[in-house]
Every structure is written in C-alpha cells, then in structure tokens.
Amino acid sequence: MSANTFGELFRVTTFGESHGPALGAIIDGCPPGLAIDEAFIQAELDRRKPGANRYTTPRREADEVKILSGVFEGKTTGTPIGLVIENTDQRSKDYSDIKDLFRPGHADYTYAHKYGFRDYRGGGRSSARETAMRVAAGAIAKQLLAQMGITVRAAMTQMGAIHAEQYDWTQVYENPFFFPDPARLDDLDALIRQLKKEGDSIGARIRVEAIGVPAGLGEPVFDRLDADLAKALMSINAVKAVSIGDGFAVVEQRGSEHRDEMTPTGFSSNHAGGVLGGISSGQTVVAEIALKPTSSIKKPGQTIDVHGQAQTISTHGRHDPCVGIRAVPIAEAMMALVLIDHILRQRAQNGAVSHQFPILK
Amino acid sequence: MSANTFGELFRVTTFGESHGPALGAIIDGCPPGLAIDEAFIQAELDRRKPGANRYTTPRREADEVKILSGVFEGKTTGTPIGLVIENTDQRSKDYSDIKDLFRPGHADYTYAHKYGFRDYRGGGRSSARETAMRVAAGAIAKQLLAQMGITVRAAMTQMGAIHAEQYDWTQVYENPFFFPDPARLDDLDALIRQLKKEGDSIGARIRVEAIGVPAGLGEPVFDRLDADLAKALMSINAVKAVSIGDGFAVVEQRGSEHRDEMTPTGFSSNHAGGVLGGISSGQTVVAEIALKPTSSIKKPGQTIDVHGQAQTISTHGRHDPCVGIRAVPIAEAMMALVLIDHILRQRAQNGAVSHQFPILK
Amino acid sequence: MSANTFGELFRVTTFGESHGPALGAIIDGCPPGLAIDEAFIQAELDRRKPGANRYTTPRREADEVKILSGVFEGKTTGTPIGLVIENTDQRSKDYSDIKDLFRPGHADYTYAHKYGFRDYRGGGRSSARETAMRVAAGAIAKQLLAQMGITVRAAMTQMGAIHAEQYDWTQVYENPFFFPDPARLDDLDALIRQLKKEGDSIGARIRVEAIGVPAGLGEPVFDRLDADLAKALMSINAVKAVSIGDGFAVVEQRGSEHRDEMTPTGFSSNHAGGVLGGISSGQTVVAEIALKPTSSIKKPGQTIDVHGQAQTISTHGRHDPCVGIRAVPIAEAMMALVLIDHILRQRAQNGAVSHQFPILK
Amino acid sequence: MSANTFGELFRVTTFGESHGPALGAIIDGCPPGLAIDEAFIQAELDRRKPGANRYTTPRREADEVKILSGVFEGKTTGTPIGLVIENTDQRSKDYSDIKDLFRPGHADYTYAHKYGFRDYRGGGRSSARETAMRVAAGAIAKQLLAQMGITVRAAMTQMGAIHAEQYDWTQVYENPFFFPDPARLDDLDALIRQLKKEGDSIGARIRVEAIGVPAGLGEPVFDRLDADLAKALMSINAVKAVSIGDGFAVVEQRGSEHRDEMTPTGFSSNHAGGVLGGISSGQTVVAEIALKPTSSIKKPGQTIDVHGQAQTISTHGRHDPCVGIRAVPIAEAMMALVLIDHILRQRAQNGAVSHQFPILK
C-alpha cells in the first residue's frame, strides 16, 4: 500500500484509473522560481498519447493537463504542484464482454488476489493510462534539468527482430516509431501491418540516455543512481528487463576490455554507461529496457473466468500492436525524475559536487 | 545522502568500510517471536566470504557476526536487531602503492567527486565487503520466509562464454562456482586458471528464484515487486543488468507466445517470471543479473592520478578473477529482503491475500 | 521540501493555495472494500468551513469535494483516492492593500525567506484553507475507525479566560463554539462581540479524545503514538502547544499520584492519557492543544514592508475572532489520521494485538 | 514497526536494550569533511549518564562510545557513522522480584500487548538507557550546528513547585540540576532528600532553546519546524507535553498582544518562539517540555501480574527521584537533530535561504 509516490526529495504522487473521471498527480519538492512552460508539458503528453499516429491505438485521449496549484504568475512557488487530466473517453462497455475473464499476461488476476476486488474496466489502475501523469511530471523535471544543461532522450532501437543499425537521434522525432534508423522504417511498417492482420503483438527495446549529467550523483549503498534507474524503468508497464551500459554483454567481457580507461583528456570508452559504484561519472548515462508484447490481442487464447472455469479469450478492444512505441516518452520521464531527485539529494550534501579533483568527460 | 537503509517495513541499515574497525547493521521491523538460528546466519556469511574456496581471493575475513540487541532468550523481541562484524584483517598497506591513482572501472573516481574526499583503503564503503551485512540480514529474512514456506535460491548460470546447459539445483552447493551444471565444472576451472595467468577477470550471470511466493505481493504503481527487485539486485556491486522472467528475450516475442495462458489446473508457462502488473502471480519468481568483470586486475591499464596526470596502473591486491561467484549468496539475500518487506506491506493491507478468486500454481 | 505528505502507510498528500483554482489530496494506502459515505465527508467539511455560523468569518467556501479515483461501485479499491475541492471564491483583491506588507505573526515573512518568493494572496499555501483537505481525508479515516469501534471527538474547552466547567459531549455539536458547557455559551457570545468591536482576537484550547483504541498502537522509539500525535496536532495552523493526559500538570505531580494503578477490574485513573511508553494502553487517548489568537486583526500594529521600511498595518479582510473554533474538526481529523496509520502499521507486525496478557479498560 | 530511525536527511537509527550487550546507532547523512571531536561526544554522554551526581541514580554506566565507521583521519567521509556503547553493568537480578508484575505507569504492560512478549529486564528497549545514543548522535549534530553559528541549550526550569525565577544560563552547567536560578538550589536539594525519604518522585519542566537559527527552516505543511520539534521532544521518555513560545498561555492572549510586531530594527517580542507558519523566523527558537515523575518508586502501589491477579508493587531498583534532570542533555540532542535535518532539507531546495527580503533579528 501507499506506493504511488516516486522520489525522495522531488516527489511525484499519482492517482487515477483508466476509466475513472480523472487522473492526477502532486509534485512535491519542485524548487521555487522555475518558469513553467505549459505548452511543453502538453507536447510531452501528446507524444505519449495513443492515436498520435496510425501505428498505435486509435482510442482518443484528450490528455489536457490542468495545473491547480504551486505555480503563481508563471513560476513555481515551492509549494506542491497539483495536476489533473480528465478522462474524456471512458467507454467501459468495450470491456463488458470480458467482465468475468482473467486476461492472460495481464494484471487483473494478480490485482484480484491482492485487493480481493475486480475492476474490469480495462485494467483500472494497472492500465498504461496511469503513465500519462508520469510524463506530465517528467516534463517539469526536464525543464529543471534543462536549466542545468542536462538532456534526456530515448528511442525505440529494436522491435521484434528489427534492429536499429545506425543511431541518428535527429530522426527519432521525425517518425512515429521514435526509431533512430530511417532505413528500417518500411520494415517496421510492414511488421505492424502483419501483426494487425494476425491479431498479434510484438516486444520492443528502448534506449534512454542522459547527456550532461555531472559526476557525483547517486547515493550508495542502496539508492545508487543505477539502482534507482532500474526501479524507475522497471516500474513502467510491460518492462521486463533493465540494463546500464553494456548490460548483459558484460557477462562475456574481460576486465581489461570492460574497464573504461582514463586519460588526462577523458575516458577512453563508456562500457559502464556513465555510472561507477552507483555514482555518475560525468559520462553519458545509458540505459536500455525490454518491453513485452501486449497480451491484449485478437488471437484467441486459453484462460479461466472468476469461477475458475476454462474459457477462451480474444480481446477486441483498441490496442497497440507494440506498446513499446508509446513507452519512449515514459522512459525519458522516469529517467528525468530520477536525475532531478538525485540532484536535489546531492545539493543537500553540500550544495555542489566537489571540484578539487580532475573532471573528465 | 542517508541512503544506507533498505526496505519500507523490514528495514536494514548498514555501516562500515572495508578497512575500518567493523561492519554493522540494524534490522528494524523484524516481527517478534522468531526463533533465530545464529549458526545459519554464520553459514550464510561463510558462503559469501572470500577464501571460501580456491577460486576466490585468499584474503581472510573472519566474518564472525555478533547479535547485540533485539533477541531475548533466542527469539526476536520486535525491537531493532543490532549486528556487528569486526574487521580482523585490514592490511591498508596493500593499497598504499595506488594511494594517488584513480582505478579505472572503480568507484574511487566518482566517490572523490561526490564527497570531495578520498579513502584509498581498498574502496572503503564502495568495497564489496559491505555486502557481508546484507547477507547477515538476508539470513534473518530467509528464516522468516521459511516459516511461510518460501524458499530463495540462486546459482551462477554463466561465466564468460560458459553456460549452464542443465539446472540441477542439488549441485549448486556442491561446487565452488555455485554452478548448476556439473558437466561444465572443468571448463570453469580452466578458465579461472587462465585468467589468473593473464592477470585478467571475467563477468558472470546469476539466476535467482523464489519458490512458494503467494499471489498478491507488490505495491503498484511504483513499488512493484519487479521494480523493487530490480533496485535491490542492481544495488549489488558490479551488477549491470537485471531481468525478470524472459527478460530481453521478450523484445522478439509475440504476444501469443509470451502471455502465460491460464487453465483450471494452472498457468501453462512462466514467461512472466512470476510477476504480472508488478504483483506476484503465485508462480516461481525468476530474476537474472549480469555482473561485470572486476577492474582490479594485474594487467596494466591507463589511468590518471589525483593531479590529473597520466599513469599506468596494475593492481596487485588479492582479488577474484570472477566476482560473480561471490554474488550468489548476496543475490539470494537481496531477494529475501524484498520479499519479506512486501509480505509485511501486504499484511498491513488486510493481514492476508484474498482467497475469493481461484488460485493457480 | 516534499513535506506535504502525512502518514507512513495511510498516506495523505495535499496541494492547493487559498486563492488558487483548487485544493486537492491523494489518500494512498486506504484498504480496499471500505464503503465510502460521501455525505459524511461533506458533513465534516461543512463543520470546518467558515461561515458555518455567525461567530466565524462570513467568507463563502462551497467546499464541495469530488472523488476522482480509488472508489468503484461505492467501495474503495485499494488504489489511491484522489480528492479535489474547487475554490469558488477567491477575491484576491481583498489583499491587494497589504501586497507589500509583512503581516506580524503571519507566515508571509518566513515564507518569503524560505522560498525567496511572495504570494500575497491571503497566505497562499500557509492559509488555514489548506486544512480542508485534512478534514476530507480525516473523514475517510473516521469511517475506517468506526468499523473498528473507535470514535474520535473534540471540543473547544476554553476561549480566553472562559473555561468549560462541565464536559457534556452531547452539547458539543449543538452550539457554534463546539463547547461542552452550555452554561458558558452566553459568555462566549459576549466575548466574540466585544472582540469584533475592538478589532481584536483571542486564543483557544481544544481537547481531542479517541475512545475504543486497542492496546498496542505506537512504534517506539521515535514513532510513538504520543510523538506522532504531537506532530500531527502541532502541524495545525496556529497551534502552539500539545499535551497528552495531564500534560504540564505532571511537573508538580508525585509519582505516587501520577502513576495509574492497575487492578483486575481496570486502571484506577488515566493521568497518562491512554499512552504508556509511546504505546496505547487501551484507555481513552486524551490530548489538548493551544491555538494562538489570529494576527489578522483590525487593530493597527507596527510592521515593515518588503523594502524594510516601517509601516502600520490593519487587516480589513474577513477573519475569525477565534480561529480555535474552526480547529475542532481539524484536530479530530489529525487524530483519526494518526490512529489509522498506526493501526495499519501494527497490522504489518502480526495482523493483531496479542491477547495472551490480561486486557484492562 | 521499523520506527527506530529519526530524521529525513540526517538520519539516526538506534538499537539496544537496557540490559543487552550493547547500544548502538548509525548516523546516515552526515556531510563529509566535518572534523569530529570525540571528547565532546563523550562529554555530552557524561552529562546524561546516571551517577553523574548524587541527585540521580547511583547506577554505573561507563557509556564509552566507539566510532566504528564513517570517520577517516579525524573527519567524516559522508558514509554512515557507526557508534556503539557496551553495557558494562547489566544486573538483571535487580528486576527478578518484579518479573511477573506489570509496573503501573510503565511501558511493560503496553509492550506486552504490542509484541506479545515480555522483557522483564528493567524495561528493555523502553528504558531511558536508549537515549544515550540520541545524545551521542546529537553531539555530532551540535558540531555541525556550531560551524553554522547555531547553539542549542537547555535547562530544567521547574521541579515540582519550585520555579526558576531568573535565567542565568552560565549557572546551568555549574549545578547538578541544570537549573538556571542558583537561589533555588537549596530548595531543590531539600525536595530531592524528602522524596528519597518518602520513596516517591516528582515531575519537571525543561526549556530548550536554539540561538542563531536562520530564517527559512521548516517544511510546510506537515514537516513544520515546530511540528518536527514536537515529535522529537515528545518521543523522549516521560515527556507529556511540548510547547513552542508562549505555549498554553496563548489561550488567554489577544491577537494584539501575541503577534510579534516588526520594526526595521527587529521583532519587538518573541511570543511565537521563533517559528511562524512552521518556519523559523530568525529569532531564538524556544520550546518547553513537561516530564512526568517516574513510576519506579519505593512507595507501594496496586497493580496486576501477568496472570491478571491483584498485586502490590514497590520498586527497589536504583532510580532517579526526578528523571527530568537527566532529560536536559537529551532535549538538547533532539533539538539539534531536528535543526540539522531541516538545514539539509533547506539546502536541497537551493543551497541557501533567500536574502532578497529584509532580515530581522
């Protein structure tokens, strides 16, 4: 219980179900004096929302965020920022046909056991709809980070067997897949069409980076920067794995290969992904996540109903063939929230990172 | 700062540097009335400690744990349990030759920037020595879990390119690699000898499982069971990746393949790794972690000193060619701590998981 | 920063300024399955709100609370409960004449120094307006407590020099002063009229009790029940003192007088106020608080402006001659929040208080 | 449960029972680079310990504190500071005669119900012995505060009916009562002798102040400076009331009297006790606490045993006639811990209190 708050000093608390009247968040701990760009918050929400392009679900979500407190004359006041988004399209009836069925691969079975209660309205709190508030809060975190010269960016680097072979970040915002390799866009398009025809779905890999992070962020031994990133990213719906730097590839690496050597002009490589001993090194922070294919598909599957009887299920709701696409802005938001929280925590220590030692890039 | 506490209700706070007088921990939140088996705690510590076998560092660590409070007449009282292990072998002189050098791939560079301070005594707080207290605390968590029929186990399933092809858990405690495939022990032995000759090191993969976990553990939307496991496991020294269930393999899976179908007799598979929507499903919880090769190797490498000058470094201390081996009991301990914390959190809700819905295995 | 959350397991996070668009709260940790009586929540809010009677400020606050999440088909779901109250009457202009003046005895001077920022709109976040959400959250806590047979009640027992000489709790809701001694109502009425004529204000004492609290609530050594009550009650605007049981009178008591002797039929007295060693004893929990007279009065006073220049101030806004009157339901709400939080914390321990020892009343 | 940690950023976690092998604490969050004066820590402990003078219990407690981590070459490193004090005098036999009796006014009855367990060894965790670690941690906090020009001081200002009529702080350390009015020392002496003869005890009032506190400390709306002080001070054994500034006297004050007027040369009074709206004003922070008379007295009283049978009890252990005397250094320690925690929290906001507004003293 009471697990809907993220962060220690920059705290985001959220509420709201996919088919309730509204979603909301309280951001507690935002420093005063930050000029808030509401248009930017809305733009971030628009990137996440379904129906943004023909590859994601056509469901309409207005996702218009209202700021209810904490901002006066355009600037943050240091008091909690209240945010609300009304749910304008609730269509519970879409789900009435599976009212008594547990959906394989979904949270409804586990929620039923945890709470002794069943909200059949499209997942209720377990719906990805909840992540809208993470993106809104992340947009405010990004504005704080921008003031410090820190940029967070993410891209979908793999969908099914289709890998990005080049990383052209300028392309990521230019295509509906947030994909950095334009040469593979047709393949992605073809795969999505095929999946729709088959009534199936596919997984995805997302890479998220933070550029300009100063050395010294992270709180050993438990609240390490990489540990908090792992939690933040794993808490996103459908994520099944998180890696930092070379990730699982380190299993086959030698120490002489993995260690990033240091020279007066900088690190010679970044196998570590910008984190050493749980603390940022000043290099780019690099993480990857794996998103499972959604289980809400037309293809029939075996399941049980609330009475334990065998049933066949086929989901006819409006769903993404690849939920990974929409997770790109969510991953950016979570990394932004982790970074700003650790910046505030580091400030508490002495207001600034020490500069008595050489700084490498 | 103040990041040396793990857990919400079963809280473990640790202190101690590799070369200070002692390590310690306070376990706050252990329910009263638990019979404590001190021999078991010591046995767990012995599994972790270096010198336990010829494949790990010959450094001697007595690791004798003393219980200073919280236990009366052999049982926990509900008050905080104080634990201390004295450091009997401190040999700071081993490190004097690298007193002014930043070790590539180590935490000393980032610690220096974070704290504006340098403890050159073998890593100080960033040393894996710290994990001894995690194992001691985990041993108490395991005793609580055992009362509930929950077992945690881990094994090293890959070292370098050598994979376990079979999983015989009865073999894990029978060999110094905690390896479940006895057919590959000679290969592992040969690789370690080769690495020692080359003065190099290698990474490892560890699989950790929890059996008998009831459905309903995990606190959406941020303190999901998988998210807390990701943080707990990523907080272990040298870990660079964490996965749940099929992990990164889900990127190439179809929804029809990944979703674990449900039948009246149980789940037909466990691609999810026992967690759905961040809540345990009642199936075995399965996680994997990747550990990087240690950077403390004899093989010379480029680095800088505290003045920013180029230097060559070669570590002659006593180090493991594969730190992954020792991480096996640590991974078990962290999973045990996460599980007991979530069991107490679930108890706060209603003392028990609801049973009004069918329970699958 | 990030200090707008109260409670460990039953967590209430609030936002909103006196003159912003809305106030709100998120209740995270409310157990599922509680039938919510919205009319009761509204009734509690109506007790607190100004203009409820002619002795308090005539300012109109609709205080209509909306539930935005966490309740489905009339019952809590275990997910966070989102609450919002729109501010319908904001009249910032009332305050424009003191835009540049620091009000003696008010928070605007300290807020200005803390946040480097000035919200001159009637105190903004520091206004008692914020407590509306405490009362709404407390109303839900009271519904949970009622299920357990626990009742919280409060009364104003002193205003200026006028003491209650008898405690008739049935009278408290029958008069606008929440005063338990009907014989003194005329005196109270006269004092309020006199204060209005003089443009002055007066302090008050409130007594708050919890009946039916089981033995065993409270978490030594820091989160004792009395310590958490002290924090909760001192966090109410204008409160300057908190006492438990006999309070400051214990300074002159002997141990033989103060200790509540125990007999097989029960405690012989309740000097302790229902708390021993920071844990509830099963007796009625008794606390008292002192509320200062509001500093917003017509009577002119010396102050400075934002430029440090000497000024005379006279507040012509709509204010209570005695803010203590309105604090009665707020005190009840805070005690209810502390109790439900400690009940959930005790549940985490073993789901129930032990009954192997004799229970006294 | 898990309630043995105090503070948000400067976190103190303690363990230890009165008759176990040792007491200990972990201070997590102490900034690096602080020169630690161990002799000062010991001197603070000596002030608290019994047997320090003939007016308190003759029980011997060596109270020699050992620093086990977090300090290197005389300075803090930013890593957790481990402290331990061994219990050298445990004499459990003193308590054997009351092994089965609940002591009126003591925690053993409530502990028994909370934990379903009875530690008859002189109160175990509920003993004032636990406060030794608070004083040790407070001594480190005081050294940090001293660097910022902040001083914390306390005095016993009333014992029974004997009030201090003058406040000569230079006298407080010169007499065994920590009493600021030397003219009343003979009266205090006589009262103690009389109480010993009668086998009875008496309550006390303590005043604790912080001088040099900057404006801007405190985190509305829940973690106000006064609210956190109330919790910290109420968490001290035997405390039954906490007040800030004029405390309960405000009930009879007028607003025109209470509000501290402001002039270009400073505040004209300090009725508020240095806190406005939960935030420090820059004036001296003033709090008072009431300590009950100990219930461990020779004078016989009625009680019950663990079987619920009526019994008579007379405590023959070694106890203070006035526990308030020893609480003076404990009250200083708790105020110091609250202040340093709020200073670190304020730093997280912007590293410094804003100075764009006039600062009064």
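Each chain carries a letter (A, B, C and D) given by its place in the written order, and its residues are counted from 1.
By our rule, a residue touches a chain if its C-beta (ideal position, glycine included) is under 8 Å from a C-beta of that chain, and two chains touch if they have at least 3 such contacts.
All values derive from a computational prediction rather than experimental measurement.
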| item | value |
| --- | --- |
| Of B-D and B-C, pair with higher C-beta contact tally | B-D |
| Most remote chain, CA-based centroid, reference being subunit A | D |
| Distance between the centres, which are taken as Cα means, of subunit D and subunit B, whole angstrom | 39 |
| Whole-Å gap separating subunit B and subunit C, where each centre is the average of the chain's CA atoms | 46 |
| Interface hub residues of subunit D, defined as touching at least two other chains | 1-5, 9, 14, 29, 31-32, 78-79, 114-117, 125, 220, 344-345, 348-350 |
| Residues of subunit B that touch subunit D when the two form their complex | 1-5, 7-11, 13-17, 20-24, 26, 28-29, 31-33, 66, 68-70, 72, 75, 77-82, 84, 114-117, 119, 121, 124-125, 344 |
| Residues of subunit D that touch subunit C when the two form their complex | 1-6, 14, 102, 104-118, 125-126, 130, 158-161, 195, 200-205, 215-224, 226-235, 237, 239-264, 268, 271-273, 275-282, 290-297, 299, 301-304, 306-310, 345-346, 348-350, 353-354, 356-360 |
| Contact set on subunit A toward subunit D in their complex | 9, 29, 31-32, 78-79, 220, 344-345, 347-352 |
